Amino acid sequence: MAHNTSPRAAWSLSVLLGATALGLAMSPAFAADPIKIGVIAEAQAIAGASIPQAAQMAAEEINAKGGIDGRKVEIVTYDNHSSSADSVRAFQRAVNEDKVNAVIASYISEVVLALEPWASRLKTPMITPGAASNEITRAVHDNYDKNKYTFHGYLTSAALALSVCDAAKELLVDGKKMKSAVIMSEDAAWTKPLDIGYEECLPKIGLKVLDHIRFSPDTTDFTPIFNKIEAAKPDVIITGISHVGVQPTVQWKNQQVPIPMLGISSQATNSTFGKDTNDASNGVLYQGVSGPDVPVTPKSLPFAEGFKKKFGNYPSYAGYTAYDEVYMIADAVKRAGSTDADKMVDALEKTDWEGTIGRVQFYGKEDKFTHGLKYGKGLITGLMLQWQDGKQVSVWPKEVAKGTLKFPSFIKVTSN
Amino acid sequence: MLGLQILIDGFAISALYALGATGFTLIFGVSGVLNLSHGAIMVLAAVAAWAAASVFHLDSYSGALVGIVIAALCSIATYFAVVQPIQRSNKIPNEEKEIFVLTATLLWGIMIQELIAYFFTNNAKTVLPIVEGVVNIVGVRTPKNEIFTAVVCCLVIGLLWFLVNRTRTGKVVLAASMNPRGVTILGFELTNIYIIVWAIYGVLAGIAGVLLGMFLGVSSYSVGPLTASAFSIVVLGGLGSVSGSLIAAFVVGYLETFTAYMISPAYRTIPALLLLVIVMYIRPQGLLGRR
Amino acid sequence: MIGFFKSRLFWISLTIVIVASTLPWYVSGYILGLLTVAYYFGVFAMAWDLLFGFAGEVNFGPTFLIGVGAYTAGIINNQFGISVSMCIVIGALASVVAGFVLALPALRVRGPYFGLTTLVAVLILQNFIVVFADLTGGEIGLTIPDVLSIDAGVNYWIALGFMTISAAILYGLSQSPVGLVLQASGQDPVQAGALGFNIVKHKLAAFIVSAFFSGLSGALLVFYFGTASVGTVVDIAVGVQVIVAAVLGGRRTVLGAALGAIFLIVAGEFLRPTGELATFIVSAVALVVILFFPGGFLGSVLSREARQ
Amino acid sequence: MNSTATTTPVLEVRGLTKRFGGLTAVKNLSFDVHGGEIFGLIGPNGSGKSTAMKAIMGIERPTAGTVRFEGHDVAGQPAHKIARQGFGMVFQHSRPLNRQTVLENIMVALLPDSLFMLFPDKALTERAKWIADRVGLGSVMHRRPPTLPFADLRRLELAKAIARDPKVVLVDEPFAGLTLAEVATFSELIRSFRDEGRAVMLVDHNVKSVAALVDRVLAMYLGEEIVTGRADEVMRNETVRRVYLGGAIETSARPESNFADKVPLLQVENISVHYGKAQALENVSIHVHQGEFVSVVGLNGAGKTTLFNTISGFLPYSGEIIRGGEKLRGISPAHIAKSGIVQCPETRELFGEMTVRENLDLGGQHLEPAEQAKQLEWLFELFPILKQRQGQMAQTLSGGEQQMLAIGRSLMMKPKILILDEPTLGLAPVILEQLSKALEKLRQTTPITVLLGEQNVTFALPHADRVYVLEHARIVWEGDPGRFAAEAGEGYL
């Protein structure tokens, strides 16, 4: 009856096997075993696209200098289509099939949270270049022995909230005498702790929170949201957006909402944001860990320029962190003298690395945010940047600021 | 004040929904096809308009025109590459053609979506608005672009009405939607009528897409939701009924705006969907649908 | 049914299953993982084919049934920490209830409206998952504490065993007297009624069986991944993939549906080197098959046989 | 024959009425069928006989009336319940399970209505085999339906209907699509059902085709009973004769030699058409001269509509159709219509939600505006009622007005050849007269050529110059209308 079945099934299987064998044969051969790092990222998304590129760049730099103890660093990349399921599959493939030693994964918190148990199950160190949810580090803290393989290579939401508040205090409260704010954030895992952080620190710096609006990341029409905010008459909108970015910004401008926006806006960190919004971005203030014009550390500018030369645009925020993370993993392997997972975890915990966004150290087992980036002066504080005339200009902290606040004409900064 | 605000904002979004759904329902009415690549064609128009302006530095009018033309071409291609082969296939039983058309247009839509994502990433794109700035309507600050959107939508729908009801070609199209065999025996080639209808549909979807790109912005992620919203509106209004779709578009548009203002933006789409379910149980042919 | 055990199909299937069950000894964990997912999808597609191919009802929302099963199982595990096997059973039952609630009114309406109702059901489920994010994990996912197993081989065997049993039951059902009645009801409801069959009862039963297997498979899938998300088990695109798999494998063959699902997943992964274009290529291939070989893989073989 | 009938009827129908919206398809129908009797329900197309049968079977829910089976009322019950009490129905169009054998197809009909019948019963298989033998499918019972000839598929339908030994067997158009030899075998089979004591009810278009088979006949027209009685009585009934044959037939044929063209305007040569396995036309040849009025007379299902649709280019065929020396094969239906062969189909195909005027304008759209206006004026003279109804929606017109609109719309195309398919279908006699006058006027005042298909010979003959008789997919008679009544008329009751 089904005499066609078996040849066809066998056919696809053998093709698959053949293709896999071919793939292995084609992978560049090195004298010593390479250190393999899997990179799982969102190839089609603004923030995600820089991740594999930056990692590749770091690996090439390390290899150009002779590798780590004679071992080359090899990057294996996977597109996860922004989906947790695809990511899980990619993670399994990376560990089981491609035998990677560590994984750099995703800027989406939900994806990282889905991968975290797999890092434990498959005992493979994983580090995220861009996710922010506090849950990631909390899981490590609560069940250290199981979840110690996960590292949070980007500021936690709580730290991001602190960074935003610190900047708002100097720029808005001290600088512009602002007194009130409305929080506007998308409904996602990473904004929950962010909002809690905002609610906590904004009143402390002197900004009264008048309203708090959370909206679905599927939202396309922001008119009602802006109108509602405007009705509350705040001095500033504090943002927490990542999945959306272009649309609220453009509508903010089209509707000439007379209130400045400041906060987290992941898409604004990307250098193409100005073009994508037809320059509606002018005036947007966003928190970043880096900027194309900001020498946070001596490594920042060379990396940004090198990246632009190589890929045609400046990296997204996750590009900076991914670049550093490859170095950090390589450094940890060197110190551990092995790619054994547990030894790498021990070594990573002792990381003290000056990267492109500051000095990287991880919180310890007893700290609240175990394996999270340490936040603070001398370590990482983050920056506040503003889109001005189609360019990203750093405005905070003073030490690195290249410009002062500048708003489009429809913004009324009254308490000047 | 808030009431007026809802009235104004709701109108623009409803008019845009109406324009998007009109073409969708027209195609169904005339050729019995539920084109599930609808959202993809709209997004394609917006992205083409964006690319024309941003990448090739055309002015916003030419950009919009490029978007509309590309949508029309893509729509005609949809008919020839996907719909016609199924309608003419003698291997597919007639009673299963419907599901084949649905599945095939969906796949076609996914292909367009993936190509857009491949060449232009899935970042949201906003088309450079033709008019900028805001006006104050009785205390409600309204972007001129929003008014422009509403006006263009109404004009285009009016024009369509005129085309269908007042021109000879339109009459034939209308007749074909009631009785395809009837127009054949009167000596009109159905294929030609279908091409005309798909072209009109493409222009409508193109205009809707470009306006959406100016008004709210689109990304390749919008493909699914756009198809779903056009689909819901058309089902609510009654399959194949243009006036039903118009009413449904305004019902959905205002219901969403009202929910977003009065309850929470997060629940925006829920009441409209619930209404849809209720209507489907009580009156499965939709508000103005024919059984 | 009895004849089935003597048929070539039985022996070929048995051989394939035996060969497939030995894969873990010589195939890498990665391919096993791939096939594991493909097998669960195979059950989705077979369950769908039972409804479409036999009951003649186009269910555009297979993911409504899958999603309810998957999310129920995941949420219960997440909230109450009940054992995995219990969660899976509860998930499947929830899916049955959901299928019943959907089918009862949906079967009253005819023609395209049935399909539309099922599609709307998916949209609503999707929205509810997003709105009740506290419970469901919202937009991108629910993390589930427990998994079936972390061993690729064990997972693979569970999936293979599950698919084999499901295939045997669903195929057996489709060829049994009840299946014949169902097929007659789907093909010509008026005549089936005049032959004394309560069509609504039979279609409802088919819907419930389909819901049970969809839900069960959905629940197993989330406990394989350790995560449930709209994009994996609810999105309309997933439903389309299920439908495409069934059509690709051959409508009204049950087993073809599984074949189509395995092909789709394996092809998608095989095309991973083409990167972002993989989905495009798979869609294009599926479109070509639908346009030019509407019988699908198994369908054309079977219809040729029917004419012999 | 009635001697075998039992005294109490198995099936008693009283006051059966079925309305669809405003349309009453079956009006107050009453009759009895006894065990061991073959009862015929006869009526032209649209007379409501099929609806009546469906209402009895429970496929359509009756609006009013009772259907008593062995003394208790089953009206309003769903079909499957009625079937289980002892009803079997033979459908005209069947869709067997193509992947199952004939035997399995029969077995389906034997299965209980249970969800838990997972393994077939040996006894059922034996019974299915017996039934297969009984209806003459014994030699092919292990084959699959797609490989069977048409007659065997019909046998399969019979087998399914009698599988569970029903007391009442309903048969929809028992002989449609069968050859004469097959008709004889099927008649024999149906008689054997009677002889087993079943009550058999046949539904057909006309008395003649079932006259030899039935014990009693009920003739229906427009949803109502005309007369009930023995076949020969019914055939003699005046009303029946008027419905089928009309009154006295006057003919006014012009001899064929009057038409000057050497080569006929339209030649249909040896065409054959198949619907799946059923042959719809077999080597049909006709010709029509310029200006001639030709009628094709035939019962429903004889192939008239198929012939016209073939000429209009809707169906694939073998043979040739030649118009003015040009072969029509490969030309699209729309192009054929535009080039002057215009069909006015029996289904009318009006644009229901458009006004009368809009419908007419669409017909005249290929003309120049001035010409169109002239044609419209002429048409309003022909059918004055259309002028009054100009602004009304087509779907709100009465049946007769709709028919006039359909003809009028075709005439707006200024056809060279007008094909009229069953224009009298379901129309009241008074309307027929108006149509008749209009046709006469066309014949007298215009050079138009008309090809008319009719089962109503009273309407067909007066306007015909020549008549073809189509029967079982073949032309069986050709000639002068004057000779028709004598040579071929009896078959049209």
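Letters A, B, C and D mark the chains in the order given here, with residues in each chain numbered from 1 onward.
Please note the rule applied: contacts are C-beta pairs under 8 Å (C-beta built on N, C-alpha and C of every residue); 3 or more make two chains touch, one makes a residue touch a chain.
As the structure is a prediction and not an experimental result, all values here were calculated from the model.
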item: Taking each chain's C-alpha mean as its centre, the one farthest from chain A; value: D
item: B-C or B-D - the one linked by more C-beta pairs in contact; value: B-C
item: Rounded Å distance, chain B centre to chain D centre (Cα mean); value: 43
item: CA centroid of chain B to CA centroid of chain C, Å; value: 32
item: Distance from chain C to chain A - Cα centre to Cα centre, in angstrom; value: 36
item: Between chain D and chain A, distance of the C-alpha-averaged centres to the nearest whole Å; value: 74
item: Residue numbers of chain C (touch at least two other chains); value: 131, 276, 279, 302
item: Residue numbers of chain A (touch at least two other chains); value: 44, 187, 216, 218
item: Touching two or more other chains - residues of chain D; value: none
item: In contact (per the touch rule at the top): chain pairs; value: A-B, A-C, B-C, B-D, C-D
item: Residues of chain C defined as touching chain B within the complex; value: 52, 58, 60, 105, 109, 112-113, 115-117, 119-121, 123-124, 127-128, 131, 235-237, 240, 243-244, 247, 251, 276-277, 279-280, 283-284, 286-287, 290-295
item: Chain C partner contacts - residues on chain B that touch it in the complex; value: 34, 82, 85-86, 89, 91-92, 96, 98-100, 102-104, 106-108, 110-111, 114-115, 117-118, 224, 228, 231-232, 235, 239, 266-267, 269-270, 273-274, 276-277, 280-281, 284-285
item: Residues on chain D engaged by chain B in the complex (per definition of touch); value: 312, 332-335, 337-338, 342-345, 347, 349-354, 358, 361-363, 365-366, 409-410, 413
item: Partner chain C, residues of chain D touching it in the complex; value: 57-59, 78-81, 83-84, 87-89, 91, 94-95, 97-100, 104, 107-109, 111, 113-120, 144, 146-147, 160, 163-164
item: Touching residues (chain side chain A, partner chain B) in the complex; value: 44-46, 49, 187, 213-216, 218-225, 227-228, 231, 244-247, 250-251, 254-256, 267, 272, 275-278, 280, 410
